[in-house]
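Letters A, B, C and D mark the chains as written, and numbering starts fresh at 1 in each.
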Amino acid sequence: MRQIQVVNSLAAAGHRVSIHGFSKRDRQDFHNGVHHCGCISGAVDFADIVILPLPYTLNNGESINAPFAGENLLLEDVISVIQPGKQLFAGKVDAQLTNLCAAAGINCVDYLEREELAVCNAVPTAEGAIEIAMRETPFTLHGSNCLCLGFGRIGKVLAKMLHGIGAKVSVAARKPSDISWISAYGYTPLNIKKMDDSIGDYDVVFNTVPQLLLDSNLLSKLKKNVLVVDLASKPGGVAFDIARELGIKVNWELSLPGRVAPQTAGKIISDTILNIINNQEV
Amino acid sequence: MRQIQVVNSLAAAGHRVSIHGFSKRDRQDFHNGVHHCGCISGAVDFADIVILPLPYTLNNGESINAPFAGENLLLEDVISVIQPGKQLFAGKVDAQLTNLCAAAGINCVDYLEREELAVCNAVPTAEGAIEIAMRETPFTLHGSNCLCLGFGRIGKVLAKMLHGIGAKVSVAARKPSDISWISAYGYTPLNIKKMDDSIGDYDVVFNTVPQLLLDSNLLSKLKKNVLVVDLASKPGGVAFDIARELGIKVNWELSLPGRVAPQTAGKIISDTILNIINNQEV
Amino acid sequence: MRQIQVVNSLAAAGHRVSIHGFSKRDRQDFHNGVHHCGCISGAVDFADIVILPLPYTLNNGESINAPFAGENLLLEDVISVIQPGKQLFAGKVDAQLTNLCAAAGINCVDYLEREELAVCNAVPTAEGAIEIAMRETPFTLHGSNCLCLGFGRIGKVLAKMLHGIGAKVSVAARKPSDISWISAYGYTPLNIKKMDDSIGDYDVVFNTVPQLLLDSNLLSKLKKNVLVVDLASKPGGVAFDIARELGIKVNWELSLPGRVAPQTAGKIISDTILNIINNQEV
Amino acid sequence: MRQIQVVNSLAAAGHRVSIHGFSKRDRQDFHNGVHHCGCISGAVDFADIVILPLPYTLNNGESINAPFAGENLLLEDVISVIQPGKQLFAGKVDAQLTNLCAAAGINCVDYLEREELAVCNAVPTAEGAIEIAMRETPFTLHGSNCLCLGFGRIGKVLAKMLHGIGAKVSVAARKPSDISWISAYGYTPLNIKKMDDSIGDYDVVFNTVPQLLLDSNLLSKLKKNVLVVDLASKPGGVAFDIARELGIKVNWELSLPGRVAPQTAGKIISDTILNIINNQEV
């Protein structure tokens, strides 16, 4: 659904879009004017830019992630039909793809590295985290004590939304300027290095920092019925084994935008690609 | 879990609480000092007030709703062991119970008729509606167009929460003073009798009015991919059959507090009972 | 400026408007098409409805409040030129005017009695109160402890705005259902009859209840540097003499809408008149 | 009042504070334990850190800004009595003071350069801007169209507060990531380089960017009755002469924290000094 939304948003913005590798069922969801091509070279030939799926390969790293294409589409073969000088858009571009593109004279752009995409993705991530917390707790977030660890992009949006539905929001951070921001936004600030005395007050703890913050010591001080939602990329921020031993409920949730709001996630990708095409400075 | 919370809150408020009919498993969740009685008269004898479960009878209307009691507990038998002059608390009290209590000289109180309980219940209802909308839509509520039909208790809390997570909120009502309130709270007001031109703008429609508002005409004007969440008690506010024919997704959700936040729902009941005991005026 | 806005809004809504008694200077601010009449009967003759200024008489109760008319315009004379069956709009209509209109067969409507006007007026009242509190205190409202006495129309809007700029908001009320609403909106509820222990915590106290709430006892427990803003109509809610003795700063502010936001106040009056004309039910 | 607050906050935090150069009247506002010294060396001798007033010199650049000292206190003389190795705190430290301190072996710290102080000061600045806008307009900010130019520290806090009192808030910025943030926070984003078509929609425009943004072209497109509040340091963001010619009301407001909320401003300075003393990293 995310890919379909990317296609439709670009078409809605007035671009001519050709597609390859979608299922018959999916095709009925496309905007009028989106052109389905039976072969990859047909789709690529007339295009100024080529957009790969996300992630762009399957586990083997060689085949394009296109389960409905009805054939095994090799990344190398796709690259080989793109004319030099064209732009290729993909997410989490690795060295292999970088090298392939360099060799073929193709301008490879990783849209996941754009700051505005990361900011926009904080919204579905935060909303997904709230959905999970609502589902996993027998109480309302409204009126509950919630703690966000970290005040980066996700922390900022998550704290705002939690506050907006009526939770009592604390945010833990390290830098004095972040502490000041947390107060300015009306949340209770917490020194992330001195949480021993207060960590036991919280009903839900959201972590956004990819560092072991909730170690054995802090885990042992949590409320018995707390919910921990870890949003941090690997290695996460929780001593998961110890949490399990202590009977603490931890949901480690990665890649939320594509899972909880694929349409929004697709729109964010297409908006970012349009920004890049239109030469918006960073 | 709702009942357990009622018991624990009353115990935490310093009252001596006896229980009967709970499972062994549940009993380990009770506060210290809560006294489990093997027989109903033992539980009732020392009590100044008696609280029935919610709903208080099973489908047959004769047996108490106590699936873990290990015996068939008849409503009539329970009433018969309560001394005259004592207070009995129950929800949705019907004529049969009223008569039983009158005959036995028991003061029967329906806590569901207290205004503060209805207000408090709007919170888990609204939060449950939001959880459902998050789960059932492929986009974020943040940035989406949401419409609330009705600006009563649930409408007020729901609009506030939706606004708080960043949705664009419209509220439809009839009275000019409600229209003024809707503007004062920063939502877009809509005349509930003139929604033809705008109803097609919304991504999610929440109904709180127990009247057929979304009839064939309005349903036919909704966005193709809209989600309708109907929170109104019977008969609901949607022509459900026609919605099904048109392929419109409708979630009719009743009794949300007990389902999505039983702990909060129990706390609300015990707070209300405490208000009544303490002679808080309405 | 309020009257000018009433005129302009009605003209902007497509009505033909004639005026009498405005100054030359004011006249340049009117919408095109507003017709200035040299004599009162000329202004009234073609009109379906007649709108008096607010207040409609000067202190003597006999002359129309029209300082720029260049003549003494008697209320009685104005009434005498209005044809029977027409509608006359005024605010705070007294028995004299009611009787005059009844005798003349004129349908006299007091727009100040409309609920939606009272709701709308809560907005400029609350905003005016906030402006005053900002001006009169050497600290920011953000982060300060604010208390609203009463949770009626003004209390609701004021609490929301204070919360919106980052104050810590408590609201005192009497009814359990209001206490529930105050919690539902995310403010700290206070029993208005038990404020002895907490009244000393507040930096600013706003009163909206026209009853002696801040008596000698409570005044003596206030913070030394507190600001009290009394928004209640006569007799107000403060023992003013005792406050003066204790050196407590009290601002008693009445009729704020016309003073702090005359344009908005005029728009509210014309919107209400349009609602009445268009037969909006209450 | 700002200086008094600095003194009192440090004393309240448990530090021993000596003062010199305050008026008799001021002295009664100090916390118990604050020690007034008749001569500067007495005040400095026992202190580990010395705090200068803000600004620290009068216009001549040589005398300390201490109008109530009853004598002309020279900056050079003050420096000369501070023992080497001690810390001196001041704001907007210039080359002269830097050199004096270096020569004397004193560790001179400019607290105005701390990021957390700048963040905290955004709060009284934004609140002051709102107070001014409320005072200078005949309409309520609630419901009005407000535009913030810039989304730095002040823009972020100002937009939040305006939104919180019910204004319709647009924010203009340049970077795509700022545009994303503006949307994430629920405001309407505007490309700061393409405001020609929309600038005429706003009732109040707040500028926070110290660059000529409101030039002749944009000024000519503003609403006739708009209010412009310029919060940018020199040279400001408005073609002031042209605005005057066009009859556009512009309030250029600098150094708001000390003017509208001296107590809060003092608290911010003392908090920052305490952070520095306590070795909080930046």
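Some notes on this structure:
Criterion: a residue touches a chain if its C-beta (ideal position, glycine included) is under 8 Å from a C-beta of that chain, and two chains touch if they have at least 3 such contacts.
Quick caveat: nothing in here was measured; it's all calculated off a predicted structure.
In summary, the chains found to touch both chain A and chain B are C, D.
Of all residue numbers used at the contact between chain A and chain D, over half are used by both chains, marking a mostly same-residue interface.
When the contact pairs of A-B are set against those of B-C, A-C or C-D, over half line up by residue number only for C-D.
Inter-chain centre distance (chain A to chain D, centres taken as mean C-alpha positions): 38 Å. Measuring from the averaged C-alpha position of chain B to that of chain D gives a distance of 50 Å.
The set of chain A residues touching two or more other chains comprises 123, 142-143, 160, 166, 183-184. Chain A meets chain D in the complex at residues 114-120, 122-123, 157, 160, 174-177, 179-181, 183-185, 275, 280-282. Chain A contributes residues 142-143, 166, 183-184, 186 to its touches with chain C in the complex.
Residues 1, 123-124, 127-128, 130-131, 134-135, 137-143, 160-161, 163-166, 260-264, 267 of chain A are the ones that touch chain B when the two sit in their complex.
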